[in-house]
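There are two complexes below, and they share chain A, which is joined by chain B in the first and by chain C in the second.
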Partner chain A sequence: MRLRGYRRGDAHLLAGPWLPGELLGLPMIDWPMLAEPTTVPAPTDPSQELCIASGLGFVRYTELDWVHRRARVEIGLHALHSLDVLLKTVVAHGFLTLNLSRLYGWVTPVLDPPTGLLGDVGFQREATLPESAWLDGRPVDREIWGVVRND
Partner chain B sequence: MTTTELPHWSSRPYSDADRDAVLALFTEADFFFRTGDPDTRPEWEILELLDEDTHVLLADGEVVGLYAVESEANNACHYSMQLRLRASAPLRWWLAAFEELVRANRWRREVVRLALRFDEFDDRGLAFARAAGLRAEGTLAAVTVHDGSRYGYVSFARIWEPIS
Partner chain C sequence: MTEILRLDVEAAVSELRASGDSARGFLGLDPVTQNDSLLAAELQAVAAQLFSAGEALVGFAPNTDQPRQAYVASTSADPEPLRALLEFLTTYQRCTTFVAVVPADAEGGKAFEACGFERAGVLPQHRWQNYDWQDVLVYVGRADSCRS
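== the complex of A and B ==
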């Protein structure tokens, strides 16, 4: 798998039923029908690297720090297959193509995310942020998961 | 078509009418026109690579590449060229298009030095530069990172005797 560059025809992939900022944003089936979908901005400047995983969704490297070579990663998916291959690709793209040395993102335990898949590609849980997001009428904890390039 | 089976070349300055054809060129992972990572670049960034010097190159009326010729020094007849053909274009197309571009650029002005440079990972660009008999001027090392490794770029030039 290889990520490809964003085209204006991909705009529909940038909105969906994910918690904003989630490292591995999977569609939430209980998203209220009248709640606004989460939307990320289309890439228009160097402040983010947003790529498309064909047939799956977007991968966004944001809060880019080219000096310290790190970025926060957000993924928003419309389809759920090939997650393991996608995550491998996301890490390889960040380390090899973008030449970053640290990738991190937010994981929300209450959503029961597949953290085993994150661990398989090197992500580790680094911190817990108590009550740092609002979801379904209450505050929920979030975690920071990160992976560091060791080569 | 002649026995050499070379296409009829034409070109025009890049404009919005060529946008889809040009974006399609950048879906090729080795379409290294002003970028080392063409296929992962978003649309806005590709459009920023195309300036007023950028021309689309057409073979028999079909867009097959891009080129740009820029002045490097006002009074020294020194120019630089960026040239890229899509992956399906054979080496002899590169060579033929380059010679036509050289002829066109020297038609109404003196050119003493025409400089081109290619990244060390750019096999097709380097093969073209060597096959065209360009003067290899050396490598500036460790300029860029591509696919997890560090590379430099190789400078090439063709030089003509100045008239005075």
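== the complex of A and C ==
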């Protein structure tokens, strides 16, 4: 699998029923009818790298910091197949193509994401932040998961 | 009770610059490696507000995903300026929880422990400083336990 750059024709992949900022944003089944879909803006400046996984969704390296060589990763998916291959590609693109040293992102445990797949590509739970996101009319805890390049 | 005084962006940047090493990692900023215009742009990007309290500098940035939470920072090991900031945030911004992301050897870390913050985790190799990787500590505090 390859990640490619964003084109204008990919705009429909940037909106969907995910919690904003989620490391592994899978479509939420019980997304309220009247709620606006979560939308990621098209890239306008070099402070972020927006990639497209063809047919699946987007991968966004945001809060890119070239001094500390790290980025926060957001993924938004419309289809659920080949998640393990996608995650491997995301880590390889961050470490080898962007030459970053650390990737991290937010995981919301109440959504029951497949954290085993994150663990398989090296992500570890690093911190738990209480009441850090708003979901279903109440604050929910969020975790920071990160992976550090060893070389 | 320590008085805190709100600073506009220009004054905040010059105070950060004057704080030097103790402000490294303050809300993710670094006045040693970033110039004034970049500091101002970063402060505005996260809608941060900074306050001076005597020699110390304290500040917060709202969590855009949860309006009752704020990221807080302090340049001093003295807990009093921080307590004044938490009081302000609880009363006027109605914050219920606070998060602090502090470099492992920063002065500010002691103030958070003194104010009743708890360690929520460590972000390994999150910063590059003085030719080496540096871990960053995450502290969390609650409005009902951190103000007094």
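Note that in this section the second predicted complex is superposed on the first by the 151 of 151 C-alpha atoms of A that agree within 3 Å, B and C clash if a C-alpha of one lies under 4 Å from a C-alpha of the other, contacts with A are read in each partner's own complex, and residues count from 1 in each chain.
We take it that contacts are C-beta pairs under 8 Å (C-beta built on N, C-alpha and C of every residue); 3 or more make two chains touch, one makes a residue touch a chain.
Treat the numbers as computed from the prediction; the structure is a model and nothing was measured.
Novice: Is A:L13 contacted by the first partner chain B, the second partner chain C, both or neither?
Specialist: The answer is neither, since A:L13 touches no partner chain.
Novice: Quick check on the superposed pair: does A:L26 touch chain B, chain C, both, or neither? Answer first, second, both or neither.
Specialist: In the superposition, A:L26 touches no partner, neither chain B nor chain C.
Novice: Applying the document's definition of touch, where does A:R2 land relative to chain B and chain C: first, second, both, or neither?
Specialist: first
Novice: Should A:T97 be classified as contacting the first partner (chain B), the second (chain C), both, or neither?
Specialist: Touch status of A:T97: first partner only.
Novice: So, A:G146: does it touch chain B (first), chain C (second), both, or neither?
Specialist: A:G146 contacts chain C only, not chain B.
Novice: Figure out whether A:P130 sits in contact with chain B (first) or chain C (second), or with both, or with neither.
Specialist: In the superposition, A:P130 contacts chain C only.
Novice: Let me check the overlay on chain A: which residues of chain A are in contact with chain B and also with chain C?
Specialist: In the superposed arrangement, which is not itself an observed complex, chain A uses no residue for both chain B and chain C.
Novice: Okay, in this complex, where on chain C does chain A touch?
Specialist: My answer: residues 30, 33, 63, 65-69, 96-97, 99, 120-128, 133, 138, 140, 142.
Novice: Which part of chain A faces chain C closely enough to touch in the complex?
Specialist: Residues 20-21, 67-70, 101-102, 104, 125-134, 139, 144, 146, 148 of chain A touch chain C in their complex.
Novice: For chain B, which residues are in contact with chain A within the complex?
Specialist: 23, 26-27, 29, 37-46, 145, 147-148
Novice: Show which residues of chain A lie in contact with chain B when the two form their complex.
Specialist: Residues in contact with chain B: 2-8, 43-46, 49-51, 93, 95-97, 99, 151.
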